[in-house]
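In what follows, chain A forms one complex with chain B and a second complex with chain C.
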Partner chain A sequence: MLSSSIGYYGLILGLICSLLLTFFNLQNFRAQKILNTRILSLTFLQFLFVKISFVSLIISFVLSDFSNETVFNNSHSTKPIFYKIAGVWGNHEGSLLLWLLVLTLFTLIFLLKTKNQPLQYRILTITFQQIIIIGFFVFVIKTSNPFNYIFPIPDEGLGLNPILQDPLLAIHPPVLYLGYVGSSIIFSSALAATTLGLISKSWAIHIKKWVLASWIFLTIGILLGSIWAYYELGWGGFWFWDPVENVSLMPWLVLTTLLHCILVLQKRLILTSWVIILSISTFTLSMCGTFLVRSGILNSIHTFANDPERGLFILIFLFILIFFSIIIFFFFNKRNENNNVNFFWLSKETAILINNWFMMYFLSVVLIGTVYPIFLDVLTTNKISVGPPFYHKLIIPFLIPFLIMMGIGSRLKWIKSNLEDKAQLILALIISILIAILIVKNLDVKFLINITLISSAFYLFLITSRDFFIKKEKNNSQKIAHFGFSLLILSILVNNLFSTEIITNLKVGQQFENSNSKILFKNIIQKDEKNYKSIIGNFIIENNNGKIEEFFPELRIYNQPKIVTSEADIKTTFTTDRFMTINVVQNQEYFNIRYQSKPFMIWIWLSVILISCGGILSFLNKEYEK
Partner chain B sequence: MYGRKVKLRLAFILLVLTALILTIFLILKSLEENVVYFQSPSEISELTELDGKKIRVGGMVKKDSISLTSDQLKFIISDFKNEIIVTYSGVVPNLFEEEKGVVAEGYLKDRNVLSATKILAKHDENYMPPEVKEALEEK
Partner chain C sequence: MKNKIFLFVSIFIFIIIFSVFYKGLNKINIYSPKVELNKKIPQYSSKLINSDKLVNYSEIFNYDHFILLNIWSSWCVPCREEHELLMNLSQQRNIRLIGLNYKDNVISAQKFLDELGNPFETILVDIEGVQAIEWGAFGVPESFLIFKSKVVKKYVGPLNENLINEIKLIIK
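The block that comes next holds the complex of A and B.
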């Protein structure tokens, strides 16, 4: 009871701070003296208020205070304490409060970390940031207040969806939000720098840290979500082109492009318009993501309560932001004097620019695939869904030149370059084509597309591995990240080509046999746990090389809320994952069984970790700070 | 007449425009080929001709209609007006139950039988695919 009131007033006070801050900012901006200390203290105070509000929500959850509507809807007194806390951001209201918390925290960090930047720029960025914060405050307080009372007080809560009760999913949203919200700083800062005509090399160096930070968080956030989907949803894949996944992929694509553009800006002071547009779109897409996921428009597992008012609010807010930033862009973005610097066709910046276009193409494919069904539904009430074939067909062919360009690009120099080691590059190409032919030769797949795809992936792999031995270039972060990317593409390809799957229905005691493996369904074990009933199948699988292994896939029937989840039994080795799930069908003797062998699964996760390591290394690199 | 620079710029703009138009064309064409339309059993019963396209059918799983053999699952989807028989061999989702909402994706064999390639069930007790909800509300 008490904590709910404290939390609510924390929000109100935070909003008041925002309004005061905007006022002082404008005053200080005109006065142009040193930074008003009140701005710093108010920013700090604002963060403190939101933090108090967030902590009181956590307390309400831990104490299972069911007079709070959010707690009642999403918690249960028998839930382990870890998931009580994780449940705070496992729902719409709480997750928005987390957004707000991260938003105010980042604003504070920005203010503290930019002491060397021009005063006007700092103030303007904070002002833009406050506009976003005010929008979110009003949104939270008006449409999704986490501190609503219910009366009479219920005895027990409704519980959190058990598939969300998972350690990975507990940290997935906060990490993803750090990435999303980090892009708000990029957005505000780019707009402020454009307004003041400050887009320069030093600005590029300063904002690069923020781009890197949000990029790292976003990458890890997506990775966590993907691993979770792999073992918890029981589909045995890592990416399903589900709208919710797409919505997190889109800001990632833009952010990756932005990261490379910032490098070009830093070295050559060109592509300024690109950088501004990308900075604006990153945050807009993050907002779009929040809008699509939270408004309940998307038909997906993440869909919470369907509330048109919320969707409408974010949509209006989003349009205002886009409109506002476009105006700033067109009025203030002066064309640079040295805009006519010659672009030599063979240079690092050309390679980056070409791949930027490819990235934008990938982005538009994902965007259209995600948004088109929604538009069609609104306009014609036709219901459609866009599946993986659409994305595969449009993205995979263009991945080939993209990978080759990535390989060659790292060998090129800035401004003007000639390919010095042509022989080496051609040799690498020949080797990779030979390897690809060797791999594909005995498989029953489409020959041409697979050969070109695998050879271009191998090409990038060979070149990036070779790069580690070139002492001249010291850019280790780039080497690691690009190597990781080539490894990722290779693992995905191998995983796709060599995965095998058995789906069958068996009764207890029966055996399934094909040319590769024998599956024996030995028995069923039933257990009663604290908040669920568990059914565990015991299977013995014999591979054709005589290797015998036991599998124990599990079904959990939760009592509150009543839900069945599959717990896959996954045996992971460095070369292969073997993955087994069972399912029971009402009133039937047969069990539905799925056994998959997925080679190089773990390499997909490892390579993404490697990619983020590249980012982290670059973030820690002091060289650029000079 | 025009300088080399202008010509070059013109060529560049033309190139970008062609690329843009090609891309949009490609995306739209691929979209048309790969989208899956959602239909209710009643809508299917009114179809005049069957094409070979993949569709989604949604509704309730009819009571006592599920049967599972070693290689096939068979059940009936109903929207309380019309019914369609679904045959399927593959992974059955959690929460696939009689008198609960379901969406089956696959190809129509004739007006009464759908050979499914994928089955989606709702993810929790309170959740139902919006398509199914609407189809049921129309009854």
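The block that comes next holds the complex of A and C.
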């Protein structure tokens, strides 16, 4: 009871701070002296208030205080303490509070870290940031207050969706949010710099850190979600092109493009409009994602509350931000335009620009695939569902030139370049085509597309691995990230080509046999855990090379809410993952068994980690700042 | 000048996007597949409960009055609730009820009927669930109102009192 009141008043006080801050900001902006100390202390105070409010929500969850509506809806007293805490951001209200917490934290960090920047720019950025914060405060307090009371107080909560009760998923949302919210700083700062005509090399260097930070968080956040989907949802895939996944992929694509554009801006002071538009769209797309996910306008496996009022609020807020930024962009951008733009056709910036266009193409494919069903439904009342074939058909062919460009581009120099080691590049191309032919030859797949795809992936792989031995250039972060990317594409390709799957129904004691493996269903073990019952199948699988292994896939029947989840048993090695799930066939003693062998699965995760390591390295690199 | 056109065009586009999203928000977002009506019943044959004889669908469904085909199973919980209403409906004179026992075993199906009564004139047995697919069913329970070998109406999910009254009105 008490903690709910404290939390609620924390929110109100935070909002008041915002209003005061906006006032002081405007005052200080006109006066143009030194930074008003009140601004700093109010920003700090605001962060403190939101933090108090967040902590009190955590306390309500830990104490299972069911007088709080959010706790009642999403928690249960038998839940382990770890998931009681993770449940705080496993629901709509709590996750928005977390969003607000990160937003105020980042604003504070921005203020502390930009002492060398012009005062007007700092104040203006903070003002834009406060506008966003006010929007979210009003949204939380008005439509999704996490501190609503219920009376009479229920004895027991409704429980957290069991598929969310997972350690990875407990940290996935916060990490993803750090990425999303980081992009709000980029948004505000780009708008402020545009207004003041400050788009310059030093601005590029300063904002690059923020771009990198949000990019790293977003990459890791997506990775965590993907790993979770792989072992928890029991489909054996890692990316399903689900709208909610796409919504996180879109800001990532834009951020990646922005990261490269910022580099060009920093070196050559060109592509300013690109940088501004990309900065704006990163955050707009994050917000758009929030809208699509939270309003219930989408049909998706990710179940969120369907509440038109919330949707309407975010929608209006989102479009105010969009109009606002369009107007700023059109009226103030002239100042930043640089007239003597000359691109030499063979240079790093041209390569980056070309790949930017490819990235924009990928972005529009994902955007259309996600949003078009909504448009069609509204305009014609037709229902369609866009699935993986759409994305694969539109994206994969364009990956080929993209990968080759990426390989060559990193070898080019700024401004004007000539390919010094042509022989080497051609040799790499020949080798990769040969490898691709060797791989594809014995497989029953489409020949041409697979050859070109695999050879272009190998091409990038060869070139990026060769780059590690060139001592001249010290840009290790780029080398690692690009190498990681080539590894990612290769592992996905190999994984797709060589995955095998057995689906069959068995009952205890029965055996399934095909040319590759024998599956024996030995027995069933039943166990009672704290908040679920578990049924564990015991299987013995014999491969054709005589290797015998035991598998224990599990079914969990949760008591509150009553949901059955399937826990895959995954045996991971450096070369293959073997993946097994069971499911009950209704009212029969048969179990549906799914056994998959997925080569190079772990390399998909490792390569994404490698990509983010590249980012982290660049983030820590002091050399750039000079 | 060019800039201004650009500005207006982009604002215009965003207004359109806004209105589409706004309309989309107020839509009911529960997907239900279209029910194809006046469709001929599938051509298939089926075993009857407690007999090994194969009967053709045309023998069963070619009938001048209304037929309600109900897909049910003893393991299906909503079927149990629906059953009483079916018993009630079977009292009506101008309708025949035919059951399709879906992915069930005969013993528990018989037990279910012994316990709750048997509203069906005939019960078709569908152990593999193939016939349900032929009918285009989504799951159990599901009911098809059939008249002269044509599906007049389809009810996904358990029937309730309103729907039973609706059926009674149709068959009058």
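The criterion applied here is as follows: the second predicted complex is superposed on the first by the 622 of 626 C-alpha atoms of A that agree within 3 Å, B and C clash if a C-alpha of one lies under 4 Å from a C-alpha of the other, contacts with A are read in each partner's own complex, and residues count from 1 in each chain.
Methods note: contacts are C-beta pairs under 8 Å (C-beta built on N, C-alpha and C of every residue); 3 or more make two chains touch, one makes a residue touch a chain.
Owing to the predicted nature of the structure, the values given are computational and were not obtained by experimental measurement.
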* To do: Tell me which of chain B and chain C touches more residues of chain A.
  => B
* To do: Please work out whether A:583 is in contact with chain B alone, chain C alone, both, or neither, and reply first, second, both or neither.
  => first
* Scan A:505 for contacts with chain B and chain C and give back first, second, both or neither. => first
* Contacts of A:415 with chain B and chain C, given as first, second, both or neither -> neither
* Asked: What is the contact status of A:322 with respect to chain B (first) and chain C (second): first, second, both, or neither?
  -> second
* In the superposed arrangement, which partner chain does A:383 touch: chain B (first), chain C (second), both, or neither? -> both
* Asked: Just chain B (first), just chain C (second), both, or neither: which does A:198 touch?
  -> neither
* **Which of chain B and chain C A:617 touches, first, second, both or neither** => neither
* Of the two partner chains, chain B (first) and chain C (second), which one does A:119 touch, if any: first, second, both, or neither? -> neither
* Contact residues of chain A, present in both the chain B and the chain C interface -> 299, 383, 586-588
* Which part of chain C faces chain A closely enough to touch in the complex? -> 3-4, 6-7, 10-11, 14, 18, 20-27, 29, 31, 73-75, 103-104, 108
* Structure fact -> Given the complex, residues on chain A that touch chain B span 161, 163, 234-235, 299, 301, 303, 361, 364-365, 368-369, 372-373, 382-387, 389-390, 393-394, 503-506, 510, 555, 561-566, 581, 583, 585-590, 592, 594
* Structure fact -> Within their complex, chain B touches chain A through residues 23, 26-27, 30-31, 34-38, 56, 66-73, 89-98, 123-127, 129-131, 134
* Structure fact -> Residue positions on chain A within touch of chain C in the complex are 291, 295-299, 306, 308, 311-312, 315, 319, 322-323, 326-327, 330, 374-375, 377-379, 383, 586-588
